[in-house]
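To start, the structure itself, in structure tokens.
Letters A, B, C, D and E name the chains as they come in the text, with residue numbers starting at 1 for each one.
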């Protein structure tokens, strides 16, 4: 499997992974720039993200990983001072298009956050929140969704007897899997994960990692992680960010065994970050 | 110069520095144990601290350095859950003695904190705070104290024209030297310093370090520091704390060139902490 | 406060009895200036009279005396008057009752009755009401009596509209209520649902906003609101008489006299003996009663009654 | 020179000893105030119940405190109080809550910082001013819509009380909603929810205890409000549920009876205390409920 | 098996977004409603008072003649009332706050006092009036003088000062206390020299807010029995007095007798609102100026 790697300095080019053209492309980022007020947080990002891949985004703190992933579902715009140029296409439609409602985008693209953030409601209510706002009222259908999503998030067995208890009674790891289930319940196409395991203990982390491997069969997953080992273990592709730029984007094995850029190598071997 | 070093495991013994008996002893800590509620923060501490020495206390975060130094002027008791056993003698009087008022102890033993903490008052008012609460009202005397203390803290020239401006207008390093001046104004016998430079920039740090060297002529100084180089540079003796125990206590050159305990060596060479 | 240059000029209220120049603060006679306070409570009807009197006294007579006037209502005022260390005066829009005199005796004084002016109980209706501007005495009573069965205007007179009458009046705190209830209705039950209010301003407002309203209160409250209310002319047998300062009067010569009542202030003589300023104010008030009465919507009482009162007061000295 | 200065030690030692005691005594004054309130109210209330049986007072529908055949039934005042407070809450709860939602969820930081202090002016306007506003502006306005409305009625002061309470409900609810962590909003938005759905199905339920506590405090405030009802609802002691009529609340009754300076010793005088006691107990219960709710149901996000 | 029909979701999206927009505007309207009322209210009193507020209105004594009447008596009564309320609430309120924050051990007594203060904050002002009438005016025999009114008002606004002072004291960083203790200061010296000065802006803000509450209160003074006509100005705290809200109350009631009294009442309202507005602005200024100095 040959992969054309990419360094950010030749920013105008777009990464193309020709060998896997059988897979569709979910996201295509073109010349994306983003500012928080005066801070230039993302610089000339060009990235193509493939269907049913786990794409890891790594890089030192403050390099723009969260900003980028939040741009993909336009959550970043909740910060009022954000300015964006360039384009991101999701399934060949510009996400910044006037006719493409952010709410629609976010129904297609689920997100899991760093700190588990279940709603202060019952487990059941957490899972059905999405389907309900999208208009599903039928109790039977909702029950099915709950079971399917909780199974999908590998937490069904642990909670099936206490579906109507408050989600805050769960452990941190369980809460995070519940958040994943909540995200699965809206049957997204892509799942964004921003350091989903950094607030979890090692055992919970392992469970979530296994889950990600499981989920990639049905979903495209983009995951931000601080943990190099994690990226190596679970991802197909890895993008290395530094100071708001994509330094290198390639198959994970390539990045970890044979990085093109000196800075990637330095980072991976722990020389900074 | 021979020094008997000490490891905490033989906790019942007390460190004695026989070669320097010409110097008086300011503090003698005997079998000190301290608990924060259930947390056993200091374990069987035995330490003798000499007059006109700079004694450095080093050790990894959470090892009990601050706790120990705050016990020396009984500030630690401001935390209500603290329990103490054992004894500390200051100039041969137990500091826990009913007849020895904490306020008196603290007039003999000044303290400088990690974060500069001047009062939100003028520079002048900061320095005279101590003398005033001890009943000195005479303006002339106070003026003298202010000049002497600020000179002593090597900050007189920088502030002599703005004595009545608010201390918050000073830079961090100046604030810290002001705090030292404030402490000198009560003419203490011992000065305790808890990481006095950790919030300062390198240049300010240097100034404070020089100042400490200067002050040791007149005062006994006990200084907590995270910075091994600093301990090596300015102290005469060094105590290495780990998990609430004194692992090693000896002349600074000995500790840094020829530590007895494996853990001391590991710490000094940066293998943990 | 905003009267332009006029407020600088000599106030005309000065006409009341004493002849000193107001610009000189010290009273002309040799007696030393009085000080201390005079506490007056009681009738809301009498309040404007007493307030004016107090103000004149303080500006023209005794600058250092503080006359304070409240107006809890005649009955409520008596409750504060008939106690140990109670008020000095109690204004009343009805004569004191026997049980009230008895109560005063228990406390240890005999209230001195000072009649100060005459008031005409005025029946008022809404400006838009053009049918009931003249009523007979009996019709007025029927409107307020439970026993008459009158509910609608048409019950009073078939030519009146067939709409419910909205009856109102001051509540039981007030002497006006008691005068109307005891003297005019002779103690018979009031009609069901009569709207009894504590504040006269509320009553004025209520009547001015309700076409079918009818209410009663002292003439002064009507006189100040002729633009908002119509006063009913009452036929006591010799043709309808509109209340006015001229028609209100106690003797038979006056046309409105059946609805006329004297208003009083009651003095605690013990207080007058104890506090010179109380007596001084009492005498001042009697001397100036006639003038202030006409300024505040009351008819004056005959000169000889005033003289009798003054003599009684001077007897206390 | 310093350490030897012992003479002031003794002075400061005395202060050191007595200040905690002095301060304790001061702190206890607040308790004494409560005890004072309860004691003054209770002792005269007991006198009252010696004259008027407890049962008669709380079931009597006629209140005619003066005149020859006085009757003391508190029900007209209770209904007046409850109805006016209910009307007030019908105004204050929806508008207050919507204001809170707007400020906390929709308004930009700048707008929020401009609007909030202006709204708080509403809470600071003396109630006497509101009273005349109700009587001279709101009532005539309402009468244009409801011709059968009496010129003094309970509806208009009820509405104006509600307006007065809006800032209280808005401010406390907004505090509760703002303290819901931002991650809750992110979680819901990321599922494709609109702002309204986030607010209504996540933020409001999460902040519910604080919001309800603000309602209860608002009710308590309405029950205790005096001048607005005194002025705009007249002094009719009607026992009715018709909001277009004049009614008297417990507070307005107290104002009427004390008028200038209530006469000591009469049944009327004692009735003042019995009514005040009832009022006090009512508001106390409300306050305790509010405290209970915000303590018991404090969310642990 | 798909439960969520993407087409359907997209179709519904339009109406959901419309609902959101409508709701947003409704919420905005609700917010503006309060402001609208404020504007109307202020407009009306200002319109009624135009031509009536001038220097003489502020400096003249009370009179039954509307052309001559002024509110000097009410203003000086208000000032004398503050002479009682300010120090009393300051001492009681700050003292209680210091006790609760610095001395009281977290326990029953502390919790009891705290609960008690929250409850006092909810007691209707008219009940405080009855307390004042019974205790200060009658039992202590003070009558309806400034001192009695002031003490009544002080108890009424006490919780405001206590809570504000507690917050201010709590916000004083521990390191300032440590610095003071470290120099041998006693606890009281530390409180007096370090904690209170640092907490002063917060305390002052609370006191000003409490005073502005006291200035606007009517009900307790109605119960205490303020005379309707009182011309002499009070000379001290043992004199009878009247205040602006009482003057507003009486003038409006008496506008049935003299129509111009309504204008005088409106004028007094404008002055009162102005005073309250200034006090609140000062409180806000203090709060903003001294916020986060540490």
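What we mean here is this: a contact is a pair of C-beta atoms (placed from the backbone, for glycine too) under 8 Å apart; a residue touches a chain by one contact, two chains touch by 3 or more.
The UniProt protein names, listed by chain, are A, B = Phosphate ABC transporter ATP-binding protein; D = Phosphate transport system permease protein; E = Phosphate transport system permease protein PstA.
The structure presented is a predicted model; accordingly, all values stated were derived computationally and were not measured.
Taken together, chain A and chain D share the touching chains E.
Put simply, the chain nearest the middle, going by average C-alpha positions, is E. In terms of the distance between Cα centroids, chain A is separated most widely from C. Between chain A and chain B the centroid-to-centroid distance comes to 50 Å (mean Cα coordinates, whole Å).
Averaging C-alpha coordinates per chain places the centre of chain B 86 Å away from that of chain C. Rounded to whole angstrom, the centroid-to-centroid distance between chain C and chain E, based on C-alpha atoms, equals 39 Å.
Rounded to whole angstrom units, the spacing between the C-alpha centres of chain D and chain E is 15.
In chain A, the residues that reach two or more other chains under the touch definition are 103-104, 107, 133-134, 186. Residue positions 12, 192, 194, 197, 259-262, 264 of chain D are each in touch with at least two other chains. Chain contacts: chain C has residues 70-71, 199, 205 touching two or more partner chains.
Residues of chain E that touch chain A in their complex: 1-4, 6, 8-10, 12-13, 16-17.
Every residue of chain A that touches chain E in the complex is listed here, in rising order: 101, 103-104, 107-108, 131, 133-136, 141, 144-145, 148, 186-187.
Chain C meets chain D in the complex at residues 41, 70-73, 75-77, 79-80, 83, 171-173, 195-199, 202, 205-206, 209-210.
Contact residues of chain B toward chain E in the complex are 73, 75, 78, 103-107, 110-111, 113, 115, 117-121, 129-130, 132-134, 168, 179, 182-183, 186.
Residues 51-54, 56-57, 60, 63-70, 225, 227-232, 240, 252-259, 264 of chain E are the ones that touch chain C when the two sit in their complex.
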